[in-house]
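The first chain written gets the first letter, and so on, giving A, B, C, D, E and F; residue counts start at 1 in each chain.
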């Protein structure tokens, strides 16, 4: 069962959790509401950055208090998420960029010319 | 020493990781974790041949703090856009020249920019040393580039080159 | 624990050790030494199995060796129960596997990757399935034997083989799901996994849960029926068996018997506690399926042109026969069925091997084989230099003809060989059971006799095609002793089983008596007073 | 009192995370392109991770920590493979 | 909670079974995965549902009524492993069949 | 190497000596038999089933034994000259001896099951003898037909013996014969009788099963003489006689046996008249005579039985001699066609004389043995019967048959030996060597002796046989040649005259006629062949097709349908009440809203949007994983998550080799849509079923089971606090051992299969994305993909050591906290996979050598050794030991053998997972080689990581 904390701590933990969840949810709603893929990739990073960070922080505080020792392994999770999310996003973005260019879609930057090939006249 | 500890930073990091995971800094854990950290970092040197050297550790901490602050700021900024009844950010692509060449430093920059809501690292062109970035709410392109260069690239250059 | 007590686990450990040896000790290429060691493992297994049967034959109570793995008390730990039934199945497996292994070592092992470890794993799975006294452990060994059989079914590659194996795999994966659901429901309603403990718990199941328990048993039954090759759950079988490499198909001859074994074991254990309409219903269903399987197998045998396909349908006929025997639920019939399972397995195995030998001496066929190997084969199909060379034998055709004839007689159940004796034993018991003859007696009689006739017709047609029209006349067919030898040994065993039918049947009669009084089994496995 | 606050706030947070998951589901189902779906799956992993953390607080248990950690560390392997398939037509070259 | 899980099991097994009955090998492999989720949850449900009762003992004198039934969990664990192996195997077999017949139909037929 | 002639002589001598010894032995036994003794010798075989090898020699058996051995001896002598040196003589003689043994076994069986066994043996040997010249199609067909007909009968007889044994309570013949009226009074009598007669009638070629016998004439003539006239075909009438005392006393017997016999008698005689082939004529004559015997046995009077026994012996002598005569004709002229033969009397005077006498016996001419038994037959048919039909049909039928037999006998004699010299023969016939005629001479002599002085020659033997059958009921009978001028004699005279009257006017027509008038349409043979060819081929294939399928989908449908039906049938009635839900967690509800929709959408998208389907499947998997966590199963959640990830990568690796997805069709055909509805219905029902079952279980209290034991003992006895892990590595470690073996086996299979993998032609090219990308950066010397992946790959490389450390961490803690070998193993392999994803196959394998097969081997070995270690210490396999070691500086460290076991699990999982994933990945780099040439590939490419 959930443990009894000092009131201010429980308010703090609650606030972190709720705010983190709100940010995360907002990011996910971004996935629904935003119109293009390049916009949508910004949504999930709210959950992986501050949203997640707040919830993990809340957890760290909560367990540090209830276990009466420093519980910091939430940091590890935060680090892992921070390191891994960009990998997927970069690959996805590259794939999309590539495909948009091949399909000749509008609103996508031209492919960078190779240094060896002379610039178009 | 070099053969035993090809990646001292990595080994140290792994030891810390071990201790955090064990939630204990007892002597047994330190000894055992140390052995594991050294062994694993040796094994990893097959995959990661380049040795990473952090020249300015303090600057590294500064970088983390700066990035953290920026992340909080942009989180709030993006959220305000998203909770708008009709979210209509002025997004755009930016092609940015980079002075930074060290791949490890570039990776850190990529992680920071991508982890920050509102900016995403798309495509790095090694031949021309440019990167294509997508920005969620782009007001002034030049100012944005200047900010990145100042806040991150400069620091990274100091740390790694 | 004395060394003798470990005999129950050795049939599982020896093949496992053999598989491990091939992974660590083998250098990827099979040479004579590796082949020799592999056969050595198999011989060791055979010796242990013979010892196991002998030990059980000595004990006058048909008592089983109960082996608590990890030394945990029954029913909490997994327990091996080596009773006579299990021992006989293990011995049959050992004989068949040794024969198939020797046969394969002449050529087949070099036709694909990792033949030996997969082969031993299959044997390990089979023996485990026969020996375990734990329902979930049975699932694990089922999966093991299936996994190995998937690999072996694919051994050698080729389009037909792959397609047949794919069907085989999908159906058996579905069967595995059914197995799991069945086990889960049984655990959910009885709270235990040990087979003896389940049997003990059946009368104590909460009234509300009885239906769920029976649903679990029924679903489990379907899973077993798939493995047992019952109509209409067996359509994968003829394709799989007939497209498998011959030594593999030979070993597969015992795989459907695992389904039979499981059905028999659980049938006698779980249903013995019931007398009501459930038993009659289950009996009827099994009986109808048995009749249908026999009928389908017989008709399929008639429709088969090639010998391997015919042999696959013969597997179905024997599967159906065994289902009928289980459904008849009389110790005497079970006695005959146990005798039958041994000889039918050995003969079917011999038939699959024989088919391969015949293919090699049939000139036209042999060419087709070579072409297909060239097309599908890999560099591994290039025959090793150190493999067994064929030699020319006088009267080779006669020898093969005799082998074929014996196998045909056993499979068709014609006198005077063991196939006939087993059918006689079953039918005699069926007629002399209390209140017999009933309608079921006539059905089982008709099924056994008419299927025998159909098999006879099919075998005669095949035999005539092979020996009287296709095979060149005597005077030096090239045969490999390593290939013909195992076939002859298997068939000689079928003959010996006929000669010594008396002692064999009394062993089986004791076995049947034991499994038909489940309280014996329960008392043996569960120590008195320690039931939870 | 503080328990009640925590309980309700955690409940609220979990509901929000659950709704966030449904939002990712929308993208996974609707697409329109594969990369949208993959992006949504990647986001879903993060939300699930956070849900586990809140579950840990709610049950006062650290049992779920490793699960969350592995979601963070390895959850992306699947999405990277998907993304790479999209980009290169095969996962491992 | 029981109802939620029961419905979940039902939906998973229904979608999985539907896919198992489809003609394309890829559909079958997805179906196998979905059915195995369903079966694994089904096994778990046989131990009855307990929240916050992971069978991790707090020590030698732990009260055993505080923990969920570990037996179904052990079974599911084995089942997951075997399921993973079988999925891999089926995948490779379907690839081999596809390579030999040119088709991804379960019967190797042309499209 | 012996010359062919020597071989013949050698083999023939052996057989002849054996036959001679046997003949003498049987003859020598006569004194005892004549005393009414029954000689019995018994070897126990399967005593518990009442099946023993009992040899029982009484009068009847003795009579048959003498026929078998003596005629056998004569046939061997005859065959010595008949067979060609080119024939495989050893086989012939071996089979002949085998037949003799089987036949002796049959007649001397003192056990009725044994009788059935020898019965089938005679059929089997007969099959081989008929097919002796198997290069001839007609020989093969004839052999097969004979075997199938008589084999079927034999099986029927076997069942009949089972029934009789059941009625009597014993399979011993003595018991059966002593059972009095038990059998006829049993309600099972009709079944037993019909099966019994099926056996007897098929063997003795009774109508309508007669047709196999003429076709069996493709056998060498000695075989025809021996098996198909003298002995084997008599087996049917033998058992009719043998069981006559205990079975004849029933209306059913009378009607079936008598009239089958009569029909056969007339049909055989009638058909014989129209045969062109001499052996065919003799074959139908044999059928007819067997019908005569059967009729006699059917009539049920003791006198008729006497006549039957007598005729058995008589027929054997004259018919065997006739066959041998035909053999000589065939041998000397090269034909048996009655149209080509004529006037042979001049060329073969001795043979002609012998054949004429034997034919006369066959026709029932006085002073020959055939006359005597035929007179007895006529006498019996002429007995008054209150039933008018019987009273008329028997004598008229008998006389008619007599006429016909006279006619065909005349045809035989006249057609072959008289008339103008033959014109169509290829060679001039000569008398054969005298020794070849000798057997015929002996037999004809017997015909004469018995016919003229029966009282001296045959009477004592017949008496012994008759007595053994009829015992106390033996009637008075007279064997005198002259019984006075009575009705039977009138019948004989009518038959003689009538036969001549039939033959004389029509002899040319009878010679040239093709086929049998009137009964041409009534060809049992044609029916049989139709059935054999059509039914066993086409019909069988249709049946197999109709009640089976080669397609996978219907198979799966049936399996699932049956499982559902079985579950419902077994469980529905006693399902019990379902309580309403007690609690509802909205968060879990949301999770399953996600999971459920994901699953449904995955199912819907799987055909046309594979990637989408996989992604959605990931959603369902994640929901499953969360549920495991929710309901207190952290180990399951971990395993589920990792297996899910590995599966995703795996399927993606495979996806590259599947065909391009086809576009969504605009419309679906009606049949397909209906099929889909049907599948949806089944799937829905399965879902409903599993949901109900699980709901029912979850809402009811758990039975008292084994689980408490594990909770109570995991720590105390197993040394770990993670009960699930202790179960896996200790309580149920054996399961785990099996499970890792499965994993290893599957990995080996995958590896083996992929070594010979051939991509389909449309997948062999590089993927479109890569080709476009190469165009996109022309002239770049570096790996384009490497450049594109550079930064993500760097991060992935750096994650390698991190993941490895996490894997070790999860491995070490598993015994006490969620984790363990399997989980750690997959984590470890994902660490490797990540590197392959980042750098590609070549890149990784230039840096790391993983050797997965060795990991698998060592993993299994570790697990095995852990178990065996306990055995060495005297405990059962896998018994664990644990202790807390106090290590300086480090403190208390748990040391459990179960951890070593878990280490084995770990190694195996790493090896297996990596092997499977990498084997798949390797196909991409093998591709160019495969496409490039048909030459065998190098091993090196695959061995490097092997």
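Heads up, the rule we're going with is that a contact is a pair of C-beta atoms (placed from the backbone, for glycine too) under 8 Å apart; a residue touches a chain by one contact, two chains touch by 3 or more.
In UniProt terms, the chains line up like this: A = Monovalent cation/H+ antiporter subunit G; B = Monovalent cation/H+ antiporter subunit E; D = Monovalent cation/H+ antiporter subunit F; E = Monovalent cation/H+ antiporter subunit C.
Fair warning: this is a prediction, and the values are worked out from it, not measured in the lab.
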- Message: Using the contact definition given at the top, which chains are in touch with both subunit A and subunit E?
- Response: D, F
- Please flag the chain sitting at the greatest distance from subunit D, going by CA centroids. F
- Comparison of A-B and D-F by number of C-beta pairs in contact, larger one: D-F
- Task: Could you please state the distance in Å, as a whole number, between where the Cα atoms of subunit C are centred and where those of subunit E are centred?
- Result: 29
- Query: subunit B to subunit E: how many Å between their CA centres?
  - Reply: 39
- Rounded to the nearest Å, the gap between Cα centres of subunit B and subunit D is 22
- Express in whole angstrom the distance between the two chain centres, defined as the mean CA positions of subunit C and subunit F. 16
- Contacts with two or more other chains occur in subunit D at residues 14, 19, 21, 38, 40, 59-60, 63, 69, 73, 75, 80, 84, 86-87
- Residues within subunit B bordering two or more other chains: 17, 21, 110-111, 121, 123
- Task: Can you tell me which residues of subunit C touch two or more of the remaining chains?
- Result: 136, 140, 143, 147, 150, 154, 157, 162, 166-167, 170, 174, 181, 185, 187-188, 193, 376
- Query: Every pair of chains that touch: which are they?
  - Reply: A-B, A-D, A-F, B-F, C-E, C-F, D-E, D-F, E-F
- Query: Can you name the residues of subunit F that touch subunit D in the complex?
  - Reply: 586-587, 590-591, 593-594, 597-598, 601, 611-612, 614-616, 618-619, 622, 625-626, 629-630, 634, 637-638, 641-642, 644-645, 648-649, 652-653, 655-656, 766-770, 773, 785, 788, 792, 796, 799, 802-803, 806, 810, 817-819, 827, 830, 833-834, 836-837, 840-841, 921, 924-925
- Message: With touch defined as at the start, can you tell me which subunit A residues reach subunit F in the complex?
- Response: 80, 83-84, 86-87, 90-91, 94, 98, 102, 111, 114, 116-117
- Item | subunit C partner contacts - residues on subunit E that touch it in the complex | 20, 25, 28, 32, 35-36, 39, 42-43, 45-47, 71-72, 75, 78-79, 82, 85-86, 89-90, 93-94, 96-97, 100-101, 106-108
- Item | Sites on subunit C touched by subunit E in the complex | 136, 140, 143, 147, 150, 154, 157-159, 162-163, 165-167, 169-170, 173-174, 176-177, 180-181, 183-185, 187-188, 193, 376
- Name, in rising order, each residue of subunit B that touches subunit A in their complex. 17, 20-21, 23, 71-72, 75, 78-79, 82-83, 87, 89, 91, 93, 95, 110-111, 114-123, 125, 127-128, 130, 132, 134, 136
